[in-house]
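What follows is a pair of complexes built around chain A, which joins chain B in one and chain C in the other.
This part shows the complex of A and B:
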């Protein structure tokens, strides 16, 4: 009898309860109860002893004592309801006491408090599952509680802090009109207008270019098109501002192309008539709208290419064949049949381009000059001499609103209009080639594009080996020597190792949570699911700069003080890369029939067992590739981490940006090229291990 | 998996044990260039066997940080950065009064320069304001060398002058305050409006124009000349100009934060940074500010205060918050927004 009862799905034995209590008590005994004054990675024994709970304040002994009450109930079999209430109420109460005491005394939580809270959440999950939540499935109950806690703590709470800083002043008084005062104050209107103008033009340009590339790669008959399929990997592995940097090398006042034009058409140029002033003069035309526009179009077009080409290749060729057999010309067919079918993809690409442009931080920072956009303005209201948190929060709110509304349009309006002509019947027929004239002009356009991209990347790699771009083109190794050969504690190594280690920790974390969220959202129905759903929407839509500001506001003071630590950077990277895991998980799970899991559940396996032995093997490739791309994303992200990285925790991207800011372009480009190479080798390795087709798919999902 | 965790834990505790040996700690908030901050922190740590934690940020941000941490100070000592924010911190009661025994070696005007006059801050270096000209570009354009502030407004230099925006940079605020003290407020803004026509870009960072001039991205860059001297020492074709009408200068502040957790070490650090030995540290990493210790070696690349025409810079008046807000606001409204 007894054995059978232990086998009930989701039933927990005494070992589970005991191990959570054991972890909590161990943490209480040996880990710091309050935050260490100088951080967790750097403390002396005395400081650690002072911070331990039993040493810090005897009143904290209440927590392990209350936990010990639960120990006997690991064996005592109460009726389900009763033990459920016991666990729920007791652990809930301890959580409450803990949080209240930290908030009331305005002290920062230490590692022990965090671990104990996690254990308490687990015990709470055991309690409510006994009460019938998730049909008594403890693992799922625990997962739901964990995800809700995580979303609440790292998404809702920081975003609320933004609202709080806008709605309340420093003294805590309610100032409902502060937002309008800031928004209508001098210069802010121009910044918003700048952002919108840039987002619109970049959205339009990337869509047009993406369409051209998609048409060419799917429909053209030239061999050239295979190149296109390779080129979308480049922007994924390139940190966002590196393209901007190379534009300075090329088109800046002392840039290579400016030099060339100067040589040909300048006041003393060879094509300039004697005595005339010449038609070209050095100027800073690249700093401002033109420069940002060019850099963003170059780096965002592949995204819109992926969106459009995905849909273009799923169009049933029979439709176009029908049009052709009705004696429509290729032009008419393209115009009247293909384009209308592509409309949702085009709109989608446009909106994606818009969001990415508005959220981009690196290129406007490097190239902006006096063209201020929201993301840079947010940064400088905190990092500059102004230090105006209310302004940063208000601008962040506008940017958040902007990207949420675009996201909403995308989801509600385009999500429902799918013209994909997949009918389940095998599609047959040959794809219609492009009209001859169109193909020729597209070839011209694309060759020009490839030349430009080629020059951009060549200039990045060469720039690291040139003494001083623009002034002295003699070859040198000094930049790389400065970066890489001054020992592990100076030059580029600390930031590079930080980047690597934080990303290595963040990637599995974010994949785990992302796939868990995907699993809950696709498989489970329960009260409060909307919270997680909305949380994921925010994870997708919140721009990096807004996350940065929100985290600074939320985690700078007690009870959760994380700024300046590596922990906050890892969390930021994980959150920024989470869409990869969620999307990958969702699309993989939607292809796996639920009947497999049902079969497993019917055989009386708990859901943990089901996930482990049924879903995980099926999801393996998704997990591996989404881990890889989370890693790449974490390595190249800049917009959020730039707010949070400090001298002791700087990462590769922030280090490069600080060198750009202080004018050491050579060093910055040298570092950037090494970073790109590292990512490229890593990507190739991943493709080798997981197989090409899968990664291709994964890239498209991202 | 278990072995991995064990391994990580062992490393963790070993590093903890390793860090447990140093004699005390010091948290330095530093507003100098990053490499100079690092050099100073390393030198002090080595000499006194103290574990130094250094956080670098601009002087404005550092001031705000100290203000935010008023009830629970995290930093011990604040090194470098323009004096104004140090002054504000002193007036607002965020700093500790300390008369270092080393003051006897410090030049008279640097002993107690801050607004509060309570020995909250000491001058640790000085730097002259001016501009530098890229001589290669000058030759290419075949233009005469500018020598004064007035020269910069000549139409032939249109689009060739770069300076930081006072909204984000303390350096640029010093430019603004210098002009106001040189010409009176009304004339100063008339001058700035004329200069605005020649500006190609207002940068965010105060040291950026000097670096842009070095690379030829602009012909003329306005800023503190010690920043530019660094570029010149690196071999760039720059000529440093101290404008003939006279110019302003900055004093780098050095203050102890009130309620510092490591007060003894903070005082040791101040004594060290005021000694000739401490002040010569930044020179070694090519930071050519003028030391305030009369016995310290003045690097030959630095522009000595006694050799150039300086204005009587009023650190008390122009360091006040109201004056600062007023001048910057007026600049943003009347100068920055004008079309070129």
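This part shows the complex of A and C:
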């Protein structure tokens, strides 16, 4: 029996080249070359015709003509890599000319220009792979080019725009000292100090609480600990500011608990001696440091819990047993053996807590009051009447710097060590139990925590059914009616449907790109890999508010005008959720031996076939859970989208916040509770579909 | 040799990982249809050499030829290679049949033809009938057989084995290595085989290639490597050997070796390229005989037993002599010398190896 060997897989056939050229030419003929006045969704035929390349400007005909030159070379292979040079140089040159002409003429690109650029990038990839890039693997070369372009366009370019707005004035002149003038024109020192103080305390608090939960769930002998494994789901599916809102319901001026305290200890309270003022006074004590601190600690502790418990459960019990057999007490063992082993995880949890606190936007916005932090200050310098882009950029730069430095410390110092263990297998059985006294105190603490969390969530759900919290506790459906039964084009529906549809598009997109980045970073070594590596660091480290400002600065004007469109929101959601896909992909890929891929390659399969037949099936569960979690992130994100959502494209979270700002707390919590319920049902459905053990995996991706 | 067998030639091939030199300008020829074993200490570059031949890793410099085709720039997909990995690398989500038929699918072979061909190779490795099992339902040895079948199913020009038996227990290893040898000789595919186990190497190879620190130390058939090691390193690596210092004296019939307190006449006709002067000798355990102290003569060394271990049919001794500690074995029926006993150590002159390059 003979085996056919004539087809050489992996080789780029004429069909591939031709399809890219064909797509580009079609786009040129039928899609708008320049941006339409009112966007793709809303145009007249005349507008479209005017915007078509051959109508708009005859000079644009150069592009399809240059592309046609390449057609014969889909078949003809020039000797000694000359074909490669031809493709590389020609497509590279056309890309350059295109970009230059749009920038120089200050016009916004239309859809056709975008599609053509993408096709040119593909042809460029074909060219350089023929020249030996990625050892001639066209698919990988294309993927690398695509990722580099994406990172350049949606990370580097926007971040650069922040720098540009700080370093240059409106006229374009270089003003190196503008930064100092801006930041010294108001109390920037106070804002930074506020941010740092908050970040530090929240980092410490979440670490301590996370450690308590971790010790309890991994080591305690009580049945209670199984509850803990459930509790980390809640903050994940809750939009970050909702906890803040419920704190207002509970501890605000008209808060329920404030009322109670008033009743007991207020000036006329039953425990207040006659004639005294009492020890409790109605005030806005929850607005400011205390409130933000409480809200962030409540919502960020699960993250620190997961980091620490991952490491704790991967500690080999034998080490502790060794200590015990040497007559050390359980206390000594905990103190001298367990804690030192946990040190990297503890440090990691602390730094993660700090970063998340500094980047959090929703809670300070809702609870901040006089206490201004960087993220809210950035927002207020653009929102409303101020529109001070230079100030927003300068503050964004400071926040970015803070976040990057903490991230850098984390990565250099402990990143590697704790990475492996977060995904480590859980050891079973013979763990050393906690000292009795410690276990009892921890039980007490955790019960208290659960009660608090319980009250928080109950108040959110009740809040939606109460006429006027604090004044009139009669039950009503009016908030929900206002939201949900006023037709699909008013109330909550538009924003809810926007959120759903954008997230449904963003989730698979971000997972795909995230896993692709993970694949490139774990599997490929090449010149220029550092670019992707650094881009990934930025994706992880840039706070949402900074992304928001950067996108406004970058995509508000020619050559790429996207603000006000759904596209920019989808992209923002995708970028914000991308760490999920990258992390999930990295940890899954690091567990798949490269020899599987090599075995496939030696069976004559190209890299595309290898990815499809070997990697994808093995990554299936990772991809599904990343997609689900990205969807949740996209649905609940606030910080970046709040800068970009407009009246026509508002999403659930921005709608809720706008109702909070206008004082409709009842409506806001009603909406919030529906959102939480939706996410909860979604999570349960995903778990049902993907099997029971998925919870752990899904959560480990974070 | 069938006419489809090809010769593999490495011309001045080097491989650097950053600054680490894993392979330093090696020139090697693998004869058509032969099985060559790469043997050497850990980290000497065996796997690297294999991966360069496979194309999974690009060379830093030099050329690789398959027959009269220069494959240096050819990707692994197009080099026509079958490889058996140490970890088997079976696709866990595919059945045995799908694993073995994977490459046929890639080449768009018709389904019934694929099935027939899969059955044929599985039969060769005694695994026909297991088509519908999944890898995790097989024992280690069975998985390795499937891996071998998969490597051979496309009738590649070259077969590569990277420590294929190191995860298999020692009894099974013996029969597996015989099977691999049989399959290779039947198919006459030029093969390169990496192992740590010198017994395995001696058993399966047409040729053995000893590597050291990214360079080739010696290449040749097992017997020639065993009996004519060119360096002390090779003598030590293949079989057990005592490498000792000696001095070469005299001319023609009176040519002698002085080692310690012994003077040994070299047997008639024993040739060495070495000049008179200090040399290194390789003494295999089987060349060394122990006798009671009373039989001492000028041709023998006096020694002191420092270790004496009963190993069933043989007894292993370590003997302290003027030239260092010598290791040898004696049949157990001859009786056991005790530790601390003084003995006479005789060396059979005709089997002394004078190492050429030491």
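Here is the rule we go by: the second predicted complex is superposed on the first by the 671 of 702 C-alpha atoms of A that agree within 3 Å, B and C clash if a C-alpha of one lies under 4 Å from a C-alpha of the other, contacts with A are read in each partner's own complex, and residues count from 1 in each chain.
Everything below uses one rule, namely that contacts are C-beta pairs under 8 Å (C-beta built on N, C-alpha and C of every residue); 3 or more make two chains touch, one makes a residue touch a chain.
Since the model is a prediction, treat every value here as computed from it, not as a measurement.
Asker: Pick one for A:485: touches chain B only (first), chain C only (second), both, or neither.
Answerer: A:485 contacts neither chain B nor chain C.
Asker: Quick check for you: in the superposed arrangement, does A:447 touch first (chain B), second (chain C), both or neither?
Answerer: So A:447 meets neither chain B nor chain C here.
Asker: Could you look at A:380 and tell me whether it touches chain B, chain C, both or neither (first, second, both, neither)?
Answerer: It touches chain B, and chain C stays clear.
Asker: Please name the chain, chain B or chain C, that touches the greater number of residues in chain A.
Answerer: Ranking chain B and chain C by residues of chain A touched puts B first.
Asker: Once the structures are superposed on A, label A:593 by its partner contacts, choosing first (chain B), second (chain C), both or neither.
Answerer: Second partner only.
Asker: So, A:57: does it touch chain B (first), chain C (second), both, or neither?
Answerer: Once the two structures are laid over each other on A, A:57 reaches no partner at all.
Asker: So, A:186: does it touch chain B (first), chain C (second), both, or neither?
Answerer: So A:186 only meets chain B here.
Asker: Once the structures are superposed on A, label A:501 by its partner contacts, choosing first (chain B), second (chain C), both or neither.
Answerer: It touches nothing on chain B or chain C.
Asker: In the complex, go through chain A and note every residue touching chain B.
Answerer: 37-38, 41-45, 48, 186-187, 252-254, 267-268, 283-284, 287, 369-370, 380, 382-387, 468-471, 490, 556, 564, 646-648, 658, 661-665
Asker: Can you list the chain C residues touching chain A in their complex?
Answerer: So the residues of chain C touching chain A come out as 54, 56, 58, 73, 75-78, 80-83, 85-87, 89-93, 102-104, 106-109, 113, 116-117, 120, 150-151, 154-155.
Asker: Would you mind writing out the residues of chain B in touch with chain A in their complex?
Answerer: Touching chain A from chain B are residues 15-17, 19-20, 25, 27, 33-34, 37-38, 51, 53-56, 58-61, 63-64, 68, 74, 136, 140-141, 159, 167-170, 173, 200-202, 204-205, 207-208, 210-212, 214-218, 236-237, 261, 332-333, 337.
Asker: For the complex, which residues does chain A have touching chain C?
Answerer: 1, 3-5, 7-10, 132, 135-137, 593, 595-596, 598-606, 609, 613-614, 617-618
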